[in-house]
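Okay, so chain A shows up in both of these, paired with chain B first and chain C after.
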Partner chain A sequence: MSINTATSASLPAVTHRRRRSLAHSKWPVLILFLPPALLLFTVLVILPMGEAAWYSFFNWNGYGSPTQWIGLRNYQLIFRNGAFTQALINNGLIVLVSVLVQIPLALWLATMISSRIKGALFFRLIFFLPYVLADVAAGMIWRFVYDGDFGLVGGIAHFFGADPPFWLADRDVAMYAILGVVVWKYFGFHMMLFIAGLQAIDKSVLEAADIDGATGFQKFRLVTLPLLGSTVRLSVFFGVVGSLQLFDMIMPLTGGGPSNSTQTLVTFLYNFGVTRMQIGFGSAVGVVLFVICVTLAFTYKRVFMRND
Partner chain B sequence: MTDISAARPIDAASAPSSGQRVRTTTQVYIYVSLILVAAIVVVPLVSTALGGFKTLGDLRGNPFGLPTEWQWANYTDIILSKRYWLQMSNSLIIALLTVFLTLAFGAMAAFCFAHIRFFGSSYLLNYFLIGLMFPAATAILPLYIRIRDLGLIDTYWGVVLPQVAFGLGMSIMLFRNYFRNLPTELFDAAFVDGCGYMRFFWHVTLPLSRPIIATVGIIAFVSSWNNYIVPLIMLNSESRYPWPLGIMIYRGEFSTEWQLVLAFITLTILPTIIAFFLAQKHIIAGLTAGAVKS
Partner chain C sequence: MSGMIYRTNLISAAALALMGGFMTAGPAAADSVIRWMHVEQVPTTIALWGAIAKEFEQKHPGVKIELQFLENQAFKAKLPTLLQSNDAPAMFYTWGGGVLQAQSVTGALRSLDTTLDAQGGEWRKSLNTSAVEGLSFDGKVWAAPFRTGVVSFYYNKEMFKKAGIDASKIATWDDFLGTVKTLKQAGITPIAGGGRDKWPLHFYWSYLAMREAGQKGFADAKAGNNDGFAGEAFVRAGQHLADLGKLEPFQNGYLGATWNDALAAFGDGRAALILSFENTPATQATNSTSRKGQPDENIGRFSFPVIGGAPGVVTDNFGGLNGWAVTKNAPPETEEFLRYMASLDVQKRLAKDTQILPVVQGASGEISRPLLKEVADALSKETWHQNFLDQDLGPNVGAIVNDMSVEIVSGGVEPDDAAQQIEDAYSLERK
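Right, the complex of A and B next:
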C-alpha cells in the first residue's frame, strides 16, 4: 500500500486533467450511487434524531399525533428522577473501571503476549473470544455464574461452607458484579488494540534502552508506555463510548434492578420510555444521551486525540 | 477523521515478531498469569456447556465438575425443536440482508466520495460521519414510530433497514479510505480506454476490494447477529425473533430449569464460537479495523 500511495501522490496533475475532461459523465453515477445511502441514512438516522428533539416537548403515548405540548417538563422529570441519577453514576463507574482496571489489565496482558513466548496465538484467541460473543449471551452466562443456588459463585460459597450469595439481587453489590462482566467481556478488545500498538513500536528504540542498561520495568515505563500514548487514548475513548451504549448485557443480568441500582442510560431509556410507551419522555432521555455522546466525542477528540 | 492509510490491520494469526528474549523465571510468571486469566475467561463458558448436560440436582451440588450422568436429551430436545432452527434462521436472514445492503449502499456512496469531485462532497461525507457519534438507542423511539408508519413493524425489513442505516457511517468511512488508496494509474488507464465510472466501479474497484469487503461484511454481520435492542423494539411475534430475543424468551419460560437454559445458551453461541475459530484471523482484523482506522 505504501508504494501505491507514493505513486498516486506524484501524479495529481495528470489525474485532474483527465477527470475534468470526463466531468460530464459523473452525474449519472452520482445520481445512481448516492441516493440509496443518503435516503436511508436521512430517514432512519438523522430525521429520528431531530424528531426525538421535537417529541421530547410533548406528553405523548405514540398514538395519533403529538398534541399535548408540555415544554421542558420531560427534561425536568428526567433530572428529578432518582433512577436517572443512578444511571449517570453507573455509567461513570463503568468508565472508571474501564480506565482503572480494564486498560491496565489489557496492557499487562498485551505486553506479556508480545514477548517471545510459545502459545501467544492461543492466548490471544482465548482472550478475544468473549468480545465476539453477543452481550446478551455473555449476560446470560454470567447470570448463571452469579446464581447462588446453581451457579459457580454459589458452588464456591458452598465449598467454603458459606451461605449462598445472591449478588445480582443485592442492590449494594449488583453493579459491581456487572462491572466484572463488563471487564470480562471487553478486555480482549482493548488488549488487541495494545498488541497492535506494541507491534508498531520501533524495536531499535528498545534495543538502545537495552544497551543503556535499562531494566525491563524501566523500558516499559520510560519507552513503551509513552510510545503507546495514542493507543491508550483510543482505548479510553472506546471504553467511554461503550459504557454509554451498555444495555444488552444488563437486560439478562438484572434488567436495571434491584430497585434501579444497575440502570444505565440506555436501560433507563428502555424501562421508563419504551416499555411504558412514554414517547415524549423516552425521546427526551434519548436527546440527553445524544448530547452526552456528541459532547464527549468532540471534546475528547479535540483535547486528547489532537495529534493522533 | 484522522488519516488511516498507515494503520495496519491487526494480525492475530502470525506469530509475534517483536519482543526480547525472556528468562525462565519471567517465563514462568508470564505463563502462570496468562493461564490464570485464560481460566477466568474459559471456566464460565465451559461450565455453561457442561451444565447443559446435567440434571438440575446435579447442577446444584456440582456446578463446576463433569456431569455425574450425561443428560444428552437436554441438548437433543433443543436441536430437534423447531424454535431453535427458526430463531437461528431468522438471525441469519436478518444478518445476510443487513450485510448485503450495508456493502452495496456503503461501497456505492464511498466510491462517489473517493473518486468523484462534486460540489459539497466533503460536507456530505461529514454528514454521514455524524452517524458514528451516537448509538441507535438514542433515537430508538422516533425510529419505532417511523418504522411503524412505514408499515414495517414485525417484519425483517423493520430490523434490517435501521441496522443498515446505523452501519452506513462506519462502512462508508472504511470503504472510502480503502478506495482512495487504490493506485490512480488504474483509473487513468481505464478512462483512456473509454471506461465510465460505473464500469470502473464494477470491473476494477470491486474486484480489488476483497479485503475491505470482508472487513465491512464481518462488522455488519457480527453486529447484526448480536443485535438485541433493534429487534426487541421492532418485532412482536415470536416466529420472527432472532436468537438474542429467543434466548430471553426461553429463559423466561424455563427460568426454574437452569440446565435447559444452559444447553440453549450453548447451542445458540456455538455457531459464533465455531466461526470464530475457523476464521479468527479475519474476524479479529475485521472487528478491530473500525477502531484502529477511525
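Right, the complex of A and C next:
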C-alpha cells in the first residue's frame, strides 16, 4: 500500500527513463515477495472472515454444508441475549478499570522507579513478572488464590475465624474479582511503556522547570504528563484491545459464570457458538466483534492518535 | 464452495499434523488401517484397548489399528470438520443423542444394520435392546453400543448415621427434602454440587422432569405436544428443583465448583450426598484430598426418588450410553473389529478391568465391586433409559437445560420462565 502511494506520488517528477528503470527494479521484487504474504493473508485472514460473514446468515451446527438460511435472525438473537449485553458491559468495565485504575497505577509506579534509585531494576522485574506469565496460568493461580476451601483467601478468612468467601461463585462479586486479576496481570506492561516514555523525555526540560521553582507535582502535571501524552494514548489503546481479546484468563477463573456474570465478548462467542455447535450464531458474534474492533480501532486512531 | 472444501481439508490436514504425536508410524505397511479416535484418559483402560487391538491384528493379518486420543472438548470441536474431510477416523467415540443424529443425517456415517443382522442377527441378539435402540435414528443403528451407565444418589453412610437417617426410607421427593433438612440440622452439608460445570446440576432437573412427565410425557414434549417442554409437568419439575435450592443444600461456593471439586467434597467427607455416575466410588477417591476418599463400605447408593402422584417410576433410569460410530470411508474390517470388541469374552474383560457397565448380555456377571453390581442390577430391571439431555436434545438445547438447571436451583430464573426458554430453544430443533 505505502509502496504504491510513494510510487505514484513521485511519478510526475521523474523522467520517462527514470520511470522505466524504477518499474524494472520494483516489479521483480513485488512478484517475488508479495504472493506468499498475499496468499497467506487471503487464505488465513480474508477467506475465513468472508466465510464467517456468510455462515452468520445460517442456522448451522457445523455438519454438512449450511443450508438453512435464516437471514438476520442470528443477529436478532445476539442482541436479545442477556448474556451478550452482560458481556458488552463487562468489556466496558474492563476498559474503564484499565483507564481509571490500571493506567494511573502504572504511571505512578513508573515515575517512581524510572529514575536511577536503588533497587529500581529489581522492582521493575517484580512488577513486570505477572505480565510474563501465560494468561491461562495466571487464571489458574488466581482461581486457587480465590478458593474458599483451600486457597489464600479462604486461609485468611479461616485465620480470622470468619466464614470464607467464595468470590468467584458469587454472581455479584465475581466480575470484580476478575478485574482485580486483570489489573494485577497487565499493570506491569503499561508501567514498562511509561518507563520507556519517561526515559525519552529531555532532562533539560525538567531542569528548566526546577530552576523556575516548580514543585514536584507541578513538574509532573505541566511537564511530564503532556510529554507522555502519546504513551498514555497508546496505553489506553492497548487497554481497549486487551479488553476485547480477554478470554484465556477468564476460562480457568470462572468460564464466564456464574449465571454469565463474567462473560466477555470472546468467552460469549466460545460458550454460545463453539461449545453449543451453533456455528452460524457463533459466526454472527464473530462478525459483531469484528465490527466493534474495527470501529473502535479506527475511531481511536483517527481521534486520539492522529498526531502520534 | 470448492474453496471452502479445500480450506476444510487444509485445516484438517493441519489438525492431523498436530495430532501426529499421538499416531503410531507406518500406516503404509498394512493393507487397511483402522483409525480409532477416543477421549479416554485412564491409562489402564487405554492399555487394555491397545491389547485388544493387537489381538485383532494378529487374527487379521494386513489390518492395523491405530488409537488416536483427543481431549474431550477438542474432540467435540474438531469432529465436525474432521468428519467432512478425507482424514476422518474409521471409528470414533459417541455419546449418542442429537449429536450422533446430526452426524448421521450428513451421510458421514455408515449404519451398522448389515453387520448387526449378519449370520441371523447374531450380534444384534447379543446386545441389550435398550442400548441398541438408544443409538438408533430413523430406523437405523448408527453406532455400536459399548457401555452404559446410570446416575444415582451416593451417600456417606457414617454421616447419615450421625444425622439418624435411614437411606432405605427415602422413596419420594418429599422424603428427600426431609433428608436434606435433617442433615442441615445435624450440621452436615447435605449435597456436593458442581455448579460451575453446570451439567452436574442438570441431573436433578432431568430426573425431576422424568419423574413428573414419565416416559410418555417426555416423548410427547419432544414431539411438541402439550406445550412441549413448557408444559405443566416440566414447570412442576422446575418448582421441585427450586424447592431444593431454597433449602441451600449444597456446599459453600458450589456455583464456582467444578465436577471434580464436587467429587472432592464428597470424597473428603465434606458433604453427605452426591447425584452422580456409576463410577463414583472410583472417581470420588481419585479426586479427594487424600486420594483415598471414602472406602466402598462407607458409601451407599439409592435411586432418584419418585414424586407422589406423578407417572415416573423408580426404575426409569437416567444415564449415559456410549458407542462407536463408523465413518463412511472406513475400511470394511472396522465393523469386524467392533464386533470383536462387543464379543462376550472381551466385554467381560472390559467389565472386570475397566469397571464399565457392559452392553452385552451376560457380561455384567464379571463386575466384582458391590456398588457397581447394584447399578448393573438396576440396569437389568430398568423400564426406560433416558440418555443425558445435553446429548439427547443436542448440544444447544442441552446447554440451555444446563444453564436453566443452575439458574433454577440458585434462584436466578423462575421455573416457568426456565421451562419456556428450554421449549423456545427446542422448538427450533423439531423438524
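Keep in mind that, in the parts below, the second predicted complex is superposed on the first by the 275 of 308 C-alpha atoms of A that agree within 3 Å, B and C clash if a C-alpha of one lies under 4 Å from a C-alpha of the other, contacts with A are read in each partner's own complex, and residues count from 1 in each chain.
The working rule: contacts are C-beta pairs under 8 Å (C-beta built on N, C-alpha and C of every residue); 3 or more make two chains touch, one makes a residue touch a chain.
In this text, all values refer to a predicted model and were calculated from it rather than measured experimentally.
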Check: Regarding the shared-chain residue A:L244, is it in contact with chain B (first), chain C (second), both, or neither?
Finding: first
Next item on the list: Identify the partner contact of A:L72: answer first if only chain B is touched, second if only chain C is, both if each is, neither if none is.
Entry: neither
Next item on the list: Check the residue A:I117 against both partner chains and state whether it touches chain B (first), chain C (second), both, or neither.
Entry: first
Notebook entry, point to check: Of the two partner chains, chain B (first) and chain C (second), which one does A:P252 touch, if any: first, second, both, or neither?
Noted result: first
Check: Of the partners chain B and chain C, which touch A:V43 in the superposed model: first, second, both, neither?
Finding: both
Checklist line | Partner chain(s) touched by A:F144 [first = chain B, second = chain C, both, neither] | finding: first
Margin query: For the overlaid complexes, name the partner, chain B or chain C, with more touching residues on chain A.
Written below: B
Notebook entry, point to check: With the two structures laid over each other on chain A, which partner does A:T275 touch: chain B (first), chain C (second), both, or neither?
Noted result: second
Note to self: If we overlay the two complexes on their shared chain A, which of chain B and chain C does A:K203 touch? Say first, second, both or neither.
What the structure shows: first
Notebook entry, point to check: Does the superposition put A:E51 against chain B (first), chain C (second), both, or neither?
Noted result: both
Item checked: Shared chain A surface residues [contacts with chain B and with chain C] -> 43, 47-48, 51, 62, 147, 149, 274, 279
Next item on the list: Would you tell me which residues of chain A are touching chain C in their complex?
Entry: 43, 47-48, 51, 59, 61-65, 147-149, 163-164, 166, 168-171, 174, 254-255, 257-260, 271-272, 274-279
Margin query: Show me the residue ranges of chain A that touch chain B in the complex, using the header's touch definition.
Written below: 1, 4-5, 7-8, 11, 14-15, 18-19, 22, 25-26, 28-30, 32-34, 36-38, 40-41, 43-49, 51-52, 55, 62, 108-109, 112-117, 119-121, 123-137, 140-142, 144-145, 147, 149-152, 154-155, 158, 184, 188-189, 192-193, 195-196, 198-201, 203, 206, 210, 216, 234, 238, 244-245, 247-248, 251-252, 266, 269-270, 273-274, 279, 282-283, 286-287, 289-290, 293-294, 297, 305, 308
Note to self: Applying the document's contact rule, which stretches of chain B touch chain A when the two form their complex?
What the structure shows: 2, 5, 8, 10, 12-13, 15-22, 26-27, 30-31, 33-34, 37-38, 40-45, 47-48, 51, 56, 59-64, 104-106, 108-109, 111-112, 116-118, 124, 127-128, 130-131, 133-135, 137-146, 161-162, 164-166, 168-169, 172, 181-185, 187-188, 191-192, 196-198, 201, 222, 225-226, 228-229, 233, 244, 247-248, 251, 258, 261-262, 265, 268-269, 272-273, 276-277, 280, 283-284, 287-288, 291-292
Checklist line | Contact set on chain C toward chain A in their complex | finding: 1, 3-4, 7, 10, 73, 76-77, 80-81, 83-84, 99, 102-103, 105-108, 195-196, 198, 252-257, 270, 394-396, 399, 403, 406-407, 410, 412, 428
